[in-house]
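Here subunit A shows up in two complexes: once beside subunit B, once beside subunit C.
Up next, the complex of A and B:
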């Protein structure tokens, strides 16, 4: 594996509060979240239950609910919080610079 | 409660979730999960979907792995059926002769496919789909070019038909009722589903009885009441399911379209609970009408709630909004709530994201939402609509119909 590097994912304004967008980079896909408090987080883009884009899911506070079968994860830690998901989601560090969102992958 | 022993019969969706929840609730006594299938607990929904048409060798989608079971110290007795419950001695007897004592018992025995009774020399050769082995047997016979007849236009039949077309089979679906998806799905969606299947090349024989099923050297022949014949190499029947109540019935528990439970999922014996496809329960959101569901999330949620209630610490009634999904081709279909008592249906056109239908009672209360669309964008809108129904909201019909009004905004009004 190469060393982690910061990648520009989107503009701050691209993500509404309490929402999520999809970000594809090379052959990987990520989910970029903005919580109800305006904080940004990032995780792998697919649910750990089946391969389904979490960016289609619903953000509630700091929880993301997968729309496919309603599994839930904690956005901040990636912890699996509701069946059927039982495998945690991988999360990535996020920083904001000049109104741009960067994730470290 | 250290001396308590928790026993679950049926290691499927509800049983497995219940076992895990007992631990999650902090119960530290013995938990025994009894299952007659040889496998670890697995999910059934993929059986009619990916597992029939994925190119790779399919494997069951396990709910609990061996490591997880060990970790949670759940004793799984697989490949052994419970054959009798001795309520006075609080013992479950297994087919192997083994006896398992219980303090509280959960019956999560699921349902079995309803068998088609029909004349003909091949009437006994139909395939049914409930277990992993059934899926493998069907999959083996779904060779490219094979002629497949599916009997029953319910979810399992339709998903099987979609999977068969993905395997490049030549598919005919036979439905004796006046339309497909008669149970619980509004006609608008049934039409969309049928159109999608026709586009994929599925032929339909609707509203016609099956007279007999025979086999000769050219394969099977399904004879319809209108005199026509459908020739095929494989026949799969998906004509509903019958709750598995044998054990409950034999030991004298009350039965009413499944094992009868109260709102706490307790049977007529306070030490025995039931959850999932095998039980019928009164639903508080629908005037306590007694219903029985055959749905994956219900099985999970009831298993979880039954586990909590068995421990007796903070028992709560089960009142989750019924929810069901089905995947066919690139489309997903969902139904939340029960539309039976609805007097008005309002359509919301999501354009590329599909369509939603809101079913309102006479007094304006949202009873049910159903819809269909491509999995991604549709699911988010559907979830918001479902949350409106969960709140038993009385939304303004004009706003529901107007796609420029965000459902998230509407939802906030009912916080």
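Up next, the complex of A and C:
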């Protein structure tokens, strides 16, 4: 198993407040969130219910809603909050350095 | 004599399910009209105001019509009075069930949930099973063997459509399910799309429904009249004909087994009264392509994507004529579908015709 590493995902300004963008790295895909309070979070990109990318979804406070079936997750913890989502989303640590967003994977 | 095509199996636990998966039609990527992210974010925004207003109007209307129906009991005026009450009970019941099931009607989650539970009972749909069934309908819209919400197969089964005018096909099926669920059992096909973790919730919802129904029956015996059931439970049947009238225009007569909602869903212009009853589900292509857009924003979504879609049907009547023409054609030619031309500004249809040709070859092989 490889050690966790910090990967540069995007610039801070690439994500609007209360929004989400997609970040692809090697063969994996992630969702990078910015809440209405300006905090950044990261999770796996695909919804745990069906393979739909969360970057097309709606961020409401610290909740992300999947664009296909309206299942919801807590952005901060990845906890499933509304069916048809039943399985929690994997989240990743995030840090900001020099106006860049890094995620630890 | 021409070979009769083999009838397809619309069950979601039959061979068509595997075939859809083998063809890449299950949980597939669907076509989406290009809408800038900024605009889409605005369209997706949730509000409580419109749904609270509409709910007050709806329940206020039910109280007024219910009182008039009560006063008219025993006279001929009871017929139009209960007809109006039944339509106002079942039609918004269906659309509120739908929109609150998506969780988009209200901004506040518990309001969606409360309304979803109430509306589910009003239209006699098991709340949790139908939530999952509808999720599958959105994943695999009108994919044979995958979508549990295809109203009728091809060739059409007219008996189903006729019985549904008074919910006499789906209603008894649902009541049987309530009983089954109340005793802690699930149907085989339900297990196909409902995770086991939800079963307990299903059973308790069914017990609550059965309790209400038995309570209404007891009230009828106690009062010596069927009147209590005319207000709760029976409107799900005698008021259902507008539900099916709207419902058959959503997908019937259009393509099966395609990955482009412009080919399998129908958008219709309707008057404000119908749009209130139906909560803008006449913008059905738009709803399927972007289900996170709440009902009150669908007219704006329609404006944003209409240059990428076939022209909306001009009225409910025009849509119904199109549906019945297609159903009559499909009686003899199950492959018949309505395809509307796209405007010059639109992107081409995705994989529509190709799939239909594959389907023909497949049917010949099966024959």
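One rule holds in what follows: the second predicted complex is superposed on the first by the 105 of 105 C-alpha atoms of A that agree within 3 Å, B and C clash if a C-alpha of one lies under 4 Å from a C-alpha of the other, contacts with A are read in each partner's own complex, and residues count from 1 in each chain.
In this text, a residue touches a chain if its C-beta (ideal position, glycine included) is under 8 Å from a C-beta of that chain, and two chains touch if they have at least 3 such contacts.
Keep in mind that what you see is a predicted model, and the values were worked out from it rather than measured.
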Subunit B and subunit C placed together on subunit A: clash or fit? clash
Between subunit B and subunit C, the one with more contact residues on subunit A is chain C
Query raised in the report: Of the partners subunit B and subunit C, which touch A:84 in the superposed model: first, second, both, neither?
Result: both
Touched partner set for A:68, first subunit B, second subunit C, both or neither
both
First (subunit B), second (subunit C), both or neither touched by A:58 = both
After superposition on chain A, the subunit A residues reached by both subunit B and subunit C are 57-58, 65, 67-70, 83-84, 86
Touching subunit A in the complex, subunit B uses residues 17, 43, 63, 68, 296-297, 300, 304, 325, 375-377, 379-380, 382-384
So, in the complex, the side of subunit A touching subunit B is made of residues 52-53, 56-58, 65, 67-70, 83-84, 86
As the complex stands, subunit C meets subunit A at residues 27, 37, 41, 44-46, 102-104, 109, 128, 131-132, 135, 138-139, 195, 197-198, 290-292
Per the touch rule above, subunit A residues touching subunit C in the complex are 19, 49-51, 57-58, 60, 65-70, 72, 82-84, 86
